[in-house]
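Several structures are given next for inspection.
One chain, subunit A, appears in both complexes that follow, with subunit B as partner in the first and subunit C in the second.
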Partner chain A sequence: MYDIKEIYQPSNLSETLNLMASNQDGIVISGGTDVLIRLRERKLKECKLISIHKLKELQGISYKDSLNDMIIYPGTCFEEIHSNTMVEKNCHCLWQAANEVGSPQIRTVATIGGNVCNGAVSADSAPSLLVLNAELELTMAHSKRSVPIREFFTGPGKTVLEKGKELLTAIKIPAVPEGSGSYYIKFGARNALEISTLGCAVFVTLNESKDVFEDFRIAFGVAAPTPIRCTQIEERVKGLPLTRETLKFIGNEVLKEVNPRDSWRASKQLRIQLIRELSQRAAEGAVRNAGGAIID
Partner chain B sequence: MIKVIHMKVNGKQVELGVDDRECLTDTLRNRLGLTSVKKGCEAGECGACTVLIDGKATNSCIYLSMWAEGREIVTVEGIKGENENLHPVQQAFVDEAAIQCGFCTPGLILTAVEIVGSGKKYTRDELRKLISGHLCRCTGYENILNAVEKVAGL
Partner chain C sequence: MGIKSNVIRLDAVEKVTGAAKYTEDLIPANALVGKTLHSTIANGEVVAIDIEEALKVPGVVDIVTCFDVPNHKYATCGHPFSLDPSHADVKNKTILTSRVRYYGDEIAAVVAEDHLAAQKALEKIKVEYKVFEPVLTPEAAVESGNDLHSLSPRNELARMDFQITPDGKVDFYKGEFSTDPHIGGHKDLKGTKFYVPPQQHCHIENICCFAYISDRKIVIVTPNQATHTLRRNVAEAVGLPIGNIRIVKPYMGGGFGNKQDTYYEPLAAFLTMRLGGRCISFTMSREETFVNSRTRHAMDLWSAVSVNDKGRITKKGLRINSYSGAYGSNGHAITAYAVTNYFQLYPALEKQVGESATVYTTMPSAAAMRGYGIPQVDFAMECQMDDIAMEHGWDPVEFRRKNMMEKGFLDPFDRFHCASNGLEECLDKGCEMIDWKERRKAYDEFNKKSAGIKKGVGMALFAYKTGVYPIQLETASCRILLNEDGSVQVQVSATELGQGSDTVFAQMVSEVTTIPEDKVFVIGKQDTDTSPHDAGAYASRQTYVSGSAVKQTAEILRQKILNRAALLYNEDEEKLNLTYEHVVAADGTVLGSIADVALKIQYINDIKIDSEHITAESTYTMRNNAFSFGASFVDLEVDVSIGKIKINRVVAVHDSGTILNPQLASAQVHGGVAMGLGYALSEQMLFDGKTGKMLNDNLLDYKIPTSMDIPPIEVAFIETYEPTGPFGNKALGEPPLIPQAPAVRNAVLHATGVGINSLPLTSDHLIRAFSKAGLIE
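Up next is the complex of A and B:
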């Protein structure tokens, strides 16, 4: 039996926001794969839960065409994200990340919104959402704001979300230009049921003749206190040719912008090695997905 | 607080009172006597408590019973054929000696039932990934994979 004092099951979004406003010590629960574990471990006690598990309004993926934003509602589970063909085509890195979370049984309930809002540095969806320039819609009872995901994470387990008041209500992914591709690599000590030791997502846009990086975006999980984008290297890569040399340049120079640390999961040295290696492999994967190839 | 929920369990509609703090594993085992649903890690890692919820393999230990309102639940008790025959997945587990202590078996069988139900065929590597939410401490997985491959392999 979980140590739950009260549990509310609002039937729509506005009821949820009102409940949050009147119960600021309430904890929002969606898939439950983090909140219920914390309850089991007694890290949460006598808690008041506001369950949005069955709120259809916050579930699903909306996609009109390639010119418009894709909207992923936060209560969408990873299994649904991974089975969506438009996500596979336009947001390949996110599609890959969605298949790396926990296990198949976890992915049928765990939601992308929970993954983002927990603010974990190892969140599998974070690097991909960072390179896709996702915008987060945060809603309160009487107001709404839009925050670029790059400004969302503020520290380990910390975000700009006003705890107890604000709810993530939409994840908007801007339309992806022609000639783009993306790729995500997760490194863990085992292949399943694993928390990322390091995650790397790359998004590229190639020029028409597919020999130069027109746009380059790279983000990491567990390479700093929060999931991060490395914007300096991004600027330096734009205009460079698709060669092995450029990849090496990325692998070495990106190290100036990361700040990995020792943890019981891996040493700082291993993480540095992973950043150097995975950034090159993810870049090559993204180039391939954009229809290009790296020249030796 | 006790709440009344309605769900379909193994094909039968049930109405029952559950504590709003309890997880589906406890409801199925203690209130409905479905003891094929095992309690293992209780943290969503081992997969022993796996049941099908609306056809999808889900860890019932981290699923609140009240969320099951209106859902359809299947446990191993509910997969037998008309003449009490074993389900093809169960038969494959027997034929391939995919069972030792048996603790992980009900969960694995339900995941395999979902895989078979998809109607698709998979490579051994794909099957390895599809059953990756189950821990088995006896078999080394080889015979389990042989069994799943027998019913859903290419």
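Up next is the complex of A and C:
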């Protein structure tokens, strides 16, 4: 049933990049949980697949210590991300998001690189990577560039990745300062096997006495045409106390920076209500994970 | 072991190990692949089809269009044949159609060597249409001025309107289609509006079949619930005598009523005839199964109830406008079931008026789905019971107690008496298990202090008829063949579709003959060439109607064994008995085993006694019906500001008469509750208003609950004895689904004070209602 013309299975990264350079109509496939669906839906026809599924150099998580960047290689599946204790400790929101993707079966094959590169507004990993200030390493046969994830998404299903030429080869997560914590909430109609109706990630750094937001970052999935960071509210929250009032302020004011759609999957009214509410809950979760508490 | 024991499913090991073969497992390797071309408009006519380019695709064997197929009109419904033409099912389907009646209607078919070639050819077929507007509600359909079926002016398939006199007489009249809240124009019957959406069965195994010609017959292998009816429908569609068609039903991966209908079997038969008997397979994708099989009827309901100060219902009125979809497979039967049920569970003292219409809409055809119209009406009825109780400050349980059907009730429509009724006990048991009064009080207190989270307990009842007598014939047959080792084969055509009927039939045979279940081989594969006739697996009739045939046949077999034993052992037949597979005399002397009798009578070479293969076969005509009852109690909490419901507990209490296999029965309830919670919370088929195309035709966007969404379910049975059932038993297959949606809705009402009158209770829906009620800023 699958309309596959050719499948290439390169054995290392440089071979992959060369194959991509000589087959610019090739489709890179890793876990296959998106590509095979597009094939089944006949959105891809007479397809040339370049499989990076077995490339060990694109898999795994590298972490030295809390002073250095963490590197997540794009071929790492969500199950592996969710079972990594360093991710759990330093990038809690991403650790949570990794456990919200699809089903257990999907999480053991679907990769974070695929999730990012497809550019879906509902991508579960995107809001977390946004608040973690992830840097994406994009590689071509003879060049390499680093793009902050905030500049990566350009539209629904659209990214700055040069399709057919460039490959995501590393996701760098900068070292996290002391007193930080993060939290992710995915909202779907069901408790599993869901596409996100709305996703919200918050990252905070608290002051030493743990009563003021020193740093505050917030990002959403499905709140605009691309996954977005809301930088205006972030600036306004810095220096505010850890109170219920501040949370309410976040919930209401963040609405100025989002632009959710009305669709048959969910109304704009629901998404706005979710943004208002989940931003507060995610912020509270992040504060908790940073060792603080919200005062009523 | 016999009845009332936890016999392990006969098919358990085969199914769990993957050894069980389903239709798609059986498609021969060299079978051709058939695929249909679906219309890309919802309403209109095919003016021309160009297949020239498609025929050039390598691997394409044949293409037929709507202009190439016979114009034999046939019914697709799984109802038994009616000798009375006025009660016959609507025959409005042809194998392919040039008159497009819904988005996805079947207008051409490709046969190719493989799936990809067939798919590529479909993409190259060019179609020219004359386009009409889609009509997606009964109201729009009636007013459209464009009839989908020439015999149904204003798209009204049928209607049934009546008034029941206080002495229980039904006066039928012909009403008019209406959306006025006043039922039948009565000023004192102003109804509240309810809406329930189309739901899909979502059986794991998609719709599929394959057909070939062998031994001068067209053989069709298909997971169908009513094989003898399907054989008739196929014969009519292709214009052949019934005897020329053979239907084989292997293991089935769930049906829930959907596989009662006729799908691609006539097309496959037609194509194999065209192609010299070669095997053609049709395997619908999930997307096709959503759109091209059947749905539960969506309904608009207006319900009016008046009560006196004693809490008794005095007047009731109900109008149902039912969405039948493009072909309306079951005609008006389901809507009629629904409108009459309203006057069965809670009859009113003085005045009762019912009006109902089934209207063609340009949507997938609605037909049978677990509960046959009753989940819809139960939602309206049970929501309103709680609303009235709340308005008057009455306890919802006590209000129901005063009004619900009692034993001895004479059904005004079907004229049979309720002969067993455990409703009171169901209420008592459910209240005890959920701790009704205390919990309601405790949650009232909790809710006074909590704004974000609200907690509630709600409940709902139902009454459900086991079979379909007297509206339709209830017939079932059984054949039992005794082997010379004392084991038996049992043949029935009431199909096993996951509900466990084969296992329960084995228990019945064991109960009567003492032969243990491990020696009772129920032939789970139906074959119309060899299986005895049965109307099929629908309603909740198998253990009741087919079970009566099994019991009767087992009794014949038992008597034959005793009779032949009397001959062999030179004893008086009247004084013999069967115990633990042995024939015993009146004084307790063991004369020989059933195996002895079977072996000796089979091989006896004697001048007086004839050899014989002991067999039994009989048909049972059920001339009765029985109400099953039950209650659901739901404990939940609502996260108000995000519109999310978390169900903590479901207590399901059922009166299904004698429980024949407690473990299987309990599993049946679990499945029904889960399906009912899907109906309550998340399941709905959505359509694009402009094109009529289904929007969520996949299991990501059509939300059936996952295991993570199903709360702990506690099951209890009130075992009454139903005198008309073979072992005191009555319906259980469908009922567990019925009361879940209103119980959930009533629990939300208790939690929040907001009563929502349309399903499903999605976050979107809740947020809107809570905002309107001022619970959210």
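Everything below uses one rule, namely that the second predicted complex is superposed on the first by the 295 of 296 C-alpha atoms of A that agree within 3 Å, B and C clash if a C-alpha of one lies under 4 Å from a C-alpha of the other, contacts with A are read in each partner's own complex, and residues count from 1 in each chain.
To be clear about the criterion, contacts are C-beta pairs under 8 Å (C-beta built on N, C-alpha and C of every residue); 3 or more make two chains touch, one makes a residue touch a chain.
This is a predicted model, so every value here is computed, not measured.
When the two structures are aligned on the shared chain, A:240 is found in touch with neither subunit B nor subunit C. When the shared chain is aligned, subunit C comes close enough to touch A:187, but subunit B does not. Judged by the touch definition given at the top, the superposed model places A:3 against both subunit B and subunit C. Once the two complexes are overlaid on the shared chain, A:79 sits against subunit B while remaining clear of subunit C. In the superposition on chain A, contact is made by A:51 with subunit B only, not with subunit C. Of the two partner chains, neither subunit B nor subunit C is touched by A:160.
In the superposition on chain A, contact of A:267 is made with subunit C only, not with subunit B. In the superposition on chain A, contact is made by A:109 with subunit B only, not with subunit C.
In the superposition on chain A, contact of A:224 is made with neither subunit B nor subunit C. Residues 1-3, 191-193 of subunit A lie in contact with subunit B in one complex and with subunit C in the other. Listing the residues of subunit A that touch subunit C in their complex gives 1-3, 42, 187, 189-193, 195, 197, 264-267, 269-270, 273-274, 276-278. Within the complex formed with subunit A, the subunit B residues making contact are 19-23, 26, 42-45, 47, 50, 53, 56-59, 62-64, 66-67, 111, 129-134.
Of all residues in subunit C, only 115-116, 119-120, 123, 641-643, 682, 686, 688, 695-696, 699-701, 703, 705-709, 762-764, 767-768, 771, 776 touch subunit A in the complex they form. Subunit A meets subunit B in the complex at residues 1-4, 7, 9, 32-33, 36-37, 40, 51, 53-54, 79, 102-106, 108-109, 191-193.
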